[in-house]
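The block underneath contains the structure these notes are about, expressed in structure tokens.
Chain naming follows the written order as A, B, C and D, and within any one chain the residues start at number 1.
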Amino acid sequence: VGGGYVEQAQQHAKSRQALVRILLEQRKWPTDGWDDATIELFLKEISLMDSNNFMGNVGVGEREARVASRLVAQRHFGLGHGVGRSGDIAAIQPKAAGSSLLAQLTKRMLLDVVKLAGLQRMKACLLLPVATGMGMVMTLLTLRTLRPGAKYVVWPRIDQKSCLKAIFTAGFEPLIIENVLEGDELRTDLEAVAKIIEEKKAENIVCIMSTTSCFAPRAQDRVEELAQICKAHEIPHVINNAYGLQASKCTHSINEAMRIGRVDVVVHSTDKNLLVPVGGSILASHDPNLLDTISKTYPGRASGSPAIDVFITLLSLGSSGYAKLLAQRKHVYKYMKQKLQEFAAANGERVLETKHNQISIALSLDSFACKRKDMSFLGSMLFARNVSGTRVVTGVTTKEINGASFASYGAHYNEYPSVYLTAAAAIGMTSEDVDNFIERLQKVFVQFRKRLTQGLPEGEESRPKPETLLDEEEES
Amino acid sequence: VGGGYVEQAQQHAKSRQALVRILLEQRKWPTDGWDDATIELFLKEISLMDSNNFMGNVGVGEREARVASRLVAQRHFGLGHGVGRSGDIAAIQPKAAGSSLLAQLTKRMLLDVVKLAGLQRMKACLLLPVATGMGMVMTLLTLRTLRPGAKYVVWPRIDQKSCLKAIFTAGFEPLIIENVLEGDELRTDLEAVAKIIEEKKAENIVCIMSTTSCFAPRAQDRVEELAQICKAHEIPHVINNAYGLQASKCTHSINEAMRIGRVDVVVHSTDKNLLVPVGGSILASHDPNLLDTISKTYPGRASGSPAIDVFITLLSLGSSGYAKLLAQRKHVYKYMKQKLQEFAAANGERVLETKHNQISIALSLDSFACKRKDMSFLGSMLFARNVSGTRVVTGVTTKEINGASFASYGAHYNEYPSVYLTAAAAIGMTSEDVDNFIERLQKVFVQFRKRLTQGLPEGEESRPKPETLLDEEEES
Amino acid sequence: VGGGYVEQAQQHAKSRQALVRILLEQRKWPTDGWDDATIELFLKEISLMDSNNFMGNVGVGEREARVASRLVAQRHFGLGHGVGRSGDIAAIQPKAAGSSLLAQLTKRMLLDVVKLAGLQRMKACLLLPVATGMGMVMTLLTLRTLRPGAKYVVWPRIDQKSCLKAIFTAGFEPLIIENVLEGDELRTDLEAVAKIIEEKKAENIVCIMSTTSCFAPRAQDRVEELAQICKAHEIPHVINNAYGLQASKCTHSINEAMRIGRVDVVVHSTDKNLLVPVGGSILASHDPNLLDTISKTYPGRASGSPAIDVFITLLSLGSSGYAKLLAQRKHVYKYMKQKLQEFAAANGERVLETKHNQISIALSLDSFACKRKDMSFLGSMLFARNVSGTRVVTGVTTKEINGASFASYGAHYNEYPSVYLTAAAAIGMTSEDVDNFIERLQKVFVQFRKRLTQGLPEGEESRPKPETLLDEEEES
Amino acid sequence: VGGGYVEQAQQHAKSRQALVRILLEQRKWPTDGWDDATIELFLKEISLMDSNNFMGNVGVGEREARVASRLVAQRHFGLGHGVGRSGDIAAIQPKAAGSSLLAQLTKRMLLDVVKLAGLQRMKACLLLPVATGMGMVMTLLTLRTLRPGAKYVVWPRIDQKSCLKAIFTAGFEPLIIENVLEGDELRTDLEAVAKIIEEKKAENIVCIMSTTSCFAPRAQDRVEELAQICKAHEIPHVINNAYGLQASKCTHSINEAMRIGRVDVVVHSTDKNLLVPVGGSILASHDPNLLDTISKTYPGRASGSPAIDVFITLLSLGSSGYAKLLAQRKHVYKYMKQKLQEFAAANGERVLETKHNQISIALSLDSFACKRKDMSFLGSMLFARNVSGTRVVTGVTTKEINGASFASYGAHYNEYPSVYLTAAAAIGMTSEDVDNFIERLQKVFVQFRKRLTQGLPEGEESRPKPETLLDEEEES
């Protein structure tokens, strides 16, 4: 094959290699996304840097990344050693230079991600190959070593099991701060926080664990004020920003909290913010040393899978692609709110006013002539019609979790005046999704009213009725 | 397309569907491995049971398993919801019937796996999507809730960082039991164990954490006797059998320990025993309730990736394929021992006698005229020649881990008489690997002796010298 | 895994199975495209119907679809037997029920494709696993058996090598009909056709081979009138509609030609019309028997790859997806024409008026002060700037092909008044592509003028100069 | 990621790059096979050299390798332009430097393949993307242009449809030479060949088309003597060595024929010799110019799929891997012959003596008390028990193909004394396959005898009975 064609082809090959070289040298998140071919090429090159993929390698250890199934090897691009080393989840592995490189690059790009999302004051990120709940556990276990003797976690109530369980699993006791109702919104009771600190003494408190992303009508916690309290009392402040990286409202509040007060670690879910399968969490901090301590608290190696997913996704989107997704989400939120308001007006309901929650929207369900608890069936009807992710909160369930009892579980509040349905405008959603949702919601409203007046329409009995699906909030 | 051909083809299609049906009904590990095509077909069917893959699905929640990158979606076979639910890592996910089914089937097959491997007395397994070290942390955190107030872990010394760190990370204090030298072997000091229990009181002890799989010349712990002690004092017994599932010596001892004494949980690595990428651990117990408690201690969801890998691998091998791998490993161990003995005889060294360790073999390195610490370079020379997994233990390193100090770190013992090199006959290894290893070892012996007498040969300087690689045992 | 979730999941699984069942029963092109997961699932099921994929199969023949490389097996989804049988490319293979089924379904869907595209009068299609040129050869070789003794092909000049070579390869002699210039357009000389038939005698003529899709300023042939001539003289009529399936202008003319005259076979390229890799041709006819004769003329088996590609693509698009692509192409054609007209006005050129060509557009290049032959460099400049597919036709090349000599080769005409550049609005193109094309064309115009007045700008010499690329039309 | 590990990893990366560089520079078939990872990496690099994969490419032609379906693009590794150019199937494509490179490298390696297989005198190869039958047609069509006026093909009878059809499809008339019976073997009647040449005149004969690989008891043709006749009369000699590349008996005879006589082109199947899916043929010749002429006779582009398959397979095996497969086949042939002889002795049959056929073996079926034609059911019984590829030849079928009539079709001979069953020891087969075959054959013998004496056993009626499957030899 001769002549200018090959030269031109080689020139193009070089421009791809340049992408790789720039990434390796600058360790910055590329602005423009890479195409899949370039990503796969790079993954292959990385994979071939791991010793198990060396030609002629002889492994005589107990852990040699041998993989029995071709299907399995293939889905990991030949990477088998996972991430981390016995003493440090972020350590370089001698046998796995490629895997280690991938992990390092991912970590560096994640710092660009959180900054792009608005967390300008962050100095470092740590990708833990466990989801948000366990990411919180690792944070708490690390704080224990730094505050031996402390045993309480101040925790403004949020009706998600994971974070509460994280407190118990880490061996601490939660000090539950009930929310206060302001208009339709549930907000942090700062006075109660101050009071309990005084009561239990700051030195006995491991941290305040606040929450930003949550289901309406709960608002994000007043993290600025909490950060000031933490600063004043020298109490660590951990923020559960599970899916709040996608919402500038959340990130800007946290950034401001860091400016005027104390924030130690902010925990995020990878799947909810970066559109990857469940499996990782991003810890961000202004203090690289603290993240190092956490990574050294993690014993042994871990799955490299979450890092691979994040790595591919970040390269595929580029920062411009992610910025576009963020902008689209903001637009979809507004669109969904407007459509739900129109729907509410036409159906004798209303959209609850929750301006401190820019992801989740709650629609009242007060116009139906039935018992509160029976309203949950409406959620099941939606699920049976392929609408997933809504929740009907009836406020009648009481739940006990590790000894703590919660009235109106799911409502974040003991006596919320309305029954309501929540829906979220999350990243990756489209306005077409909103249209389909509203259309099916309308049908379900009609059918449910009919059902209430006439009994169940024919044929309905035989449909799957996963009624218990939607009693409580789900989280990871 | 007509006639008998299609009928015959359909008959074959049915016999594959029958495989699936039998698995679903009996939930037993198939004896014969499935071919990749059948596995992929089944994975696709499973994937299409998750709501994010329903046609016409509209997700309006905050976690909808949307996946941005096609490459990522593909490597997870479209499964995005991970495993578990907020309160329980083993719980069924309403939105993800397929992922949940895969997790359940994997769990059931793993019980067959541990039984096949010799752990006949087990009643249940739990696959945790974290590696061995964190699997140990989760076990310890659960035991804390069952033994509030207890703060010590009795721990016969094993120079692997992960398990020691697991104790610290879980917030406990290790009571380190130094090993005793019997012939060449390092064995558990049962008297010291008894003594320390008496001293610290049984009720203050969370558990005894013993270790089976380890590097020679350390032997597996005397788990039968430890189990009897635990039974007598009502102390939980957790066994770190990280890569011992592959060695009937380990599993038979544990099984016997369960018969005559107390064993609560045995922790295994998935990658080291099942030839999958790093990322999971198998907890086995005779007590399903205890495993349920551990799974409920895990807060939130987790990566489904380890379960997918194990699921594929188990179906691909079938129990007969795995039995064959176990038999092959046993054969390779004998072969490697014999070859190393021949090598030792020819090179003025000897193979240390460690009959209570049937995986790892230690070769003395006492014939070289150099300082102990300089011998570590021999390990680096092997690594540079594509032999991974050996360790040269010089016994001169002192290491401090979370405040505990270890002389001769890596040797499991303060003054081991020899310098030695270890190699392991692990599952998946072939006798061809052994031959290549011995051949390169011979070359390295010659070159290293030459180096000691004549200085470094020309060109050698420019080779990569990862001298620090092999100071310590690696684990996950 | 229990309860309603699995039922719902199974219901979804059933609706996918229903798609497959409907396709198998009705053998109609689905209106809505299938998602990749469903397609892959179906391909796997098909693959497992071939005997080489039967579990326990023992092959003792000389052709057993054994595949050495996993990579190769995988890319063919395990299908190895190709299509056809020794005597008939469309025959069912006993050993390969799955491959045969795939071929049959593809054939049936293709009839829906050509009808959707406007060829309403077609009764059957044949997918040949060879590209257009060889598809033409197979047609001509079949016509020879039906018209023994005939040796001429009447062929209105079209400067593409493939069709002319096809005539020679099939062993015939072309009777070349020069085009006539009408305005800017080159059109079929019907009088010359009539005259040559009279001269050579109808019985000595194998067929008239006309062409529809071509580069402007050549128009599509006057197929209606040619069809009437063929009917009157009982001469077969073969139409090379290579990429004309995408343009309703071409298909409607052919359909009309079939109504009022004679059309025997119309040959299409799969890659150019269906967006698959090069490799197949679609023969369409109102006469299923004639296509059967052609398929029986094909000796032996052939690659199944083109059928697999078409099969996947048709299922993926669905007829509605393809209809959308056709509509988009029509829109892009208009958009490109308008943009080129604006460009022409601003740059002292004009778009040639060629209303009988609705795919290709020609832009005059008469404003440059250089020799005709030097204008070809402008095409190379475009190629070097990643614009592929344009052609600069200078009209100065004379070419000899198998003894026939063509002045102004590439122009379809001996003395076309203008030098011009062609571009095509082909299926799959977007208006964004048009914008990029115009933008780069503008830059090249400026640079080329500068080059003509000042000599080559610095640095330009070192760029790849594939000057010879664009002398002639390319085709497959 | 720092230090020596990365250096070592890079060194390994370089050694892979070196493999690629050596291949590009030397264009020799590598001795050692490449692993899949290296092959995939190289394919990706090649793919990115095609203009459709350039970043920022704008296609404004009618053929731009746009691919609608991701599944399709992926299976072609992003290669969409196929191979060849309008005038020459072996030409370089300006838009597709990568595809062209792949085609060139494949062509060069194929020359190494045929030489390794024993065809030492070959100077060039051509990979046609059509199977053997069409490869023969292309050869004959090219010979027509070189011998205008000639119309006969001398053809020693071989009962495979493809080659006979190829003669008719190319527009020639076969001069059929009946075989002679020597012992059990059917051999070429050289006197009849000489006689017919005299009768029809050498100048009217396009070529002698001889056959080497065939079903026993037909022997390979006496190609040495035929080559001498061709040389003496200046008649081209084309050899159909469809699956004979795998048998040194065939290749050595051809090589000898080339030494002492005339051989113009030898045609091989890719699937049967190289273990790829059906779709390509290898033409080998001592005369590169003749192959060039054939490649220029092929009009237009063609599928790149066969070249991709061959390319991957050759790199994956390496020449040493292929040599091993050839040696294994020879061993399996001997093993099968021995096992069949033992079987025959035990069952009152005999293996026909056919020493000039070293691939196919025939077992007499003369011990059954039934009509000749009823014996074909025995073949169907084997197929229904998953033995594919055997043929029962009863010698009672008369077949007409394009006007030529053949008595005892399938037997290559009008009155072969025995009914028999053939089986082939083809490349890729294992001795385990032979054992399974013999075992099932034994069962079928018992069942068939029972059936003949007692009538059909219960349940047998309902099994698929593809009785007509095995009447004739299959080929591609």
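We adopt the following convention: a residue touches a chain if its C-beta (ideal position, glycine included) is under 8 Å from a C-beta of that chain, and two chains touch if they have at least 3 such contacts.
Computed from a prediction, not measured in an experiment: that's the story for all the values here.
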Requested in this report: State the smallest step count from chain B to chain D, taking one step as a move to a touching chain.
Outcome: 1
Query raised in the report: So which has more C-beta pairs touching, A-D or A-C?
Result: A-D
**Report entry** Chain of greatest Cα-centre distance to chain B
**Finding:** C
Query raised in the report: So, what's the distance in Å between the C-alpha centres of chain B and chain A?
Result: 30
Query raised in the report: What is the distance in Å between the mean C-alpha positions of chain A and chain D?
Result: 58
Query - Computed distance of Cα centres, chain C from chain A, in Å - result: 49
Report task. For chain C, write out the residues touching at least two other chains, lowest number first. Result -> 3, 5, 8, 40, 51, 54, 70, 94, 383, 466, 469
Query raised in the report: How is the touch graph of the chains shaped: line, ring, star, complete or other?
Result: complete
Report summary line: Note: in the complex, chain C contacts chain A through residues 3-5, 7-8, 11, 70, 383-384, 464-467, 469
Requested in this report: Going by the contact rule at the top, pick out the chain A residues touching chain D in the complex.
Outcome: 1-3, 5-6, 8-10, 12-13, 15-16, 35, 37-38, 40-41, 44-45, 47-51, 53-55, 78, 92-95, 97-98, 100-101, 104
Report summary line: Listed in rising order, chain C residues that touch chain D in their complex are 36, 39-40, 51-52, 54, 56-72, 75-77, 79-87, 94-95, 129-134, 136-137, 141, 144-145, 160-163, 165-166, 168-171, 213, 242-243, 269, 271-272, 274-280, 297-306, 308-309, 312-313, 316-317, 325, 336, 359-360, 383, 386-391, 401, 423-429, 433-434, 436-437, 440, 466, 469, 474-476
